[in-house]
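Dropping the structure in here first, questions after.
A, B, C and D label the chains in the order they appear, each numbered from 1.
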Amino acid sequence: MTPEGLARASADAMWQGDLASQSLGMAIDDIGPGRATLSMTVRDEMTNGHKTCHGGFIFTLADSAFAFACNSYNQRTVAQMAAITFLAPAFAGDRLTATAHEVARAGRSGIYDIRVTNQDGQQIAEFRGHSRTVKGTHLPVDPGNTPSE
Amino acid sequence: MTPEGLARASADAMWQGDLASQSLGMAIDDIGPGRATLSMTVRDEMTNGHKTCHGGFIFTLADSAFAFACNSYNQRTVAQMAAITFLAPAFAGDRLTATAHEVARAGRSGIYDIRVTNQDGQQIAEFRGHSRTVKGTHLPVDPGNTPSE
Amino acid sequence: MTPEGLARASADAMWQGDLASQSLGMAIDDIGPGRATLSMTVRDEMTNGHKTCHGGFIFTLADSAFAFACNSYNQRTVAQMAAITFLAPAFAGDRLTATAHEVARAGRSGIYDIRVTNQDGQQIAEFRGHSRTVKGTHLPVDPGNTPSE
Amino acid sequence: MTPEGLARASADAMWQGDLASQSLGMAIDDIGPGRATLSMTVRDEMTNGHKTCHGGFIFTLADSAFAFACNSYNQRTVAQMAAITFLAPAFAGDRLTATAHEVARAGRSGIYDIRVTNQDGQQIAEFRGHSRTVKGTHLPVDPGNTPSE
């Protein structure tokens, strides 16, 4: 299987169980080795007391893009730490897009940057996630294909 | 009004419009000047492809506790940056509690730490948020009571 | 050996090789299991183009306090990630104190918070460090006493 | 003056007072609007008890690159928050290079990413800095050329 095909198959397997991303109406727009793009429309029930999208939902979209990007090698990989900077508010009805790319990957550790933009291309948030590979794969693999530290 | 009363009244005003925190089933367990405790039960639709609570919902609970803590002085205050470390997974049915306290406040800037624990008191995540006070109040105030840098 | 004694002995062993902390004039004011307090006077050659202490030296003091705190169990432990917020400037001649305490420790991972204050007790910076235990000890140990994940 | 010329002149003005960067033996290899590259050789007295470069000095190099990049518009700009991830150790004698580029800039706030590599091009650290523009300029300016929020 090619790296692009493996990323696609890993994402398909993960997506089946990802009730969170599904129930928030996310879509996977692009997936590949070390990268993922997801989008989501801000719903009324995602807004807070400031009448803007609750930062938690912006984070959740970015975190899903991070998860699909760092799991694209068919190795179960979890978020260890993440930081987000909010640059501009998002509003109900906005279509947000989170684009994840890999900054570093060494041993079991990885760093991924995710940019969140709205339908006008405006920067809404910048997210940096730290991942760690754990035991297990998304697809069946031959025994030699396991991560080492 | 006492600082405790002002914090309670500011939280009540914010809560009315906070559809996000309401729709996720959060409850405000404690509120005071510079502090807030919120709790939430993890639902099936909050779980991800690893069969654990999506980190985004853990972040969202912590972010709401952060928001209520930093808005407890009746000055509109927004999240600028936040970082979260995931320490242990949470599962559907878990009752998570996020406890926010103030680490620093100077001029318009503040730092708040939020600890997320489950029903057994186990640490699930540690969150640090940076806030910035903007124009406006949650309750009517006399003109002299505005933040200055 | 008591936990307090082990922390002191580990610090003594580390300090011998820590040319960086020595050459910057740091002193260890307190050491114990999961905690450390170090202090340092800001020198002229630590100031930058804004005529204030270069943030790098404030970070370095906090990072040393972090290192002594997370190495206090006689297990070699390294910094993986750290974040610092600068709250007020420091000036040449200021005596800065960095106080580290443990926020979480599970398996090989730890979180430590370090507060930096000046001689007047004013908050200068807040630092949060993430550590990871690696192979090796500072003092000879019996074979059973090694960290496990 | 061109943006490139303004960045160069701002850097020259800042460098005169930056005793910290000078005394650590840093050199400015490149400077431009929103970008800066600085390098430094690791000295024996920059090493710690693990016989590797103390993380504080890696941070300081990255922080200087950050400072020159965010001050390249001739507006006094200070570091508000910074996070660093350590990817590989550096050793005495290594020549480290920190390359800063702008991720976002809106109003008084900016985000800059700095990559630190060694003489073999190996990634040593990734740094993300948050800046805030304050009053004042590095060079004399006409009164209309001031930042607004």
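Keep in mind that, in the parts below, contacts are C-beta pairs under 8 Å (C-beta built on N, C-alpha and C of every residue); 3 or more make two chains touch, one makes a residue touch a chain.
As the structure is a prediction and not an experimental result, all values here were calculated from the model.
J.: Of the chain pairs A-B and B-D, which one is connected by the greater count of C-beta contacts?
T.: A-B
J.: Tell me, please, which of A-C, B-C or A-B gives a repeat of the C-D interface, judged by over half of the contact pairs matching in residue number.
T.: A-B
J.: Give, as an integer number of Å, the spacing between the C-alpha centres of chain D and chain A.
T.: Inter-chain centre distance comes to 29 Å.
J.: How big is the gap, in whole Å, between where the Cα atoms of chain A centre and where those of chain B centre?
T.: 23
J.: State, to the nearest whole Å, the distance from the C-alpha centre of chain B to the C-alpha centre of chain D.
T.: That gives a centre separation of 34 Å.
J.: What parts of chain B, by residue number, touch at least two of the other chains?
T.: 80-81, 83, 85, 109, 130
J.: Mind listing the chain B positions that touch chain D in their complex?
T.: 80-81, 83, 109, 130
J.: Mind listing the chain B positions that touch chain A in their complex?
T.: Touch residues, chain B against chain A: 13-23, 44-51, 54-57, 59-61, 63-64, 67, 71, 76, 78-86, 138.
J.: Can you list the chain D residues touching chain A in their complex?
T.: Going through chain D, the ones touching chain A are 83, 85, 87-88, 103-104, 106, 109, 111, 113, 123, 126, 128, 130.
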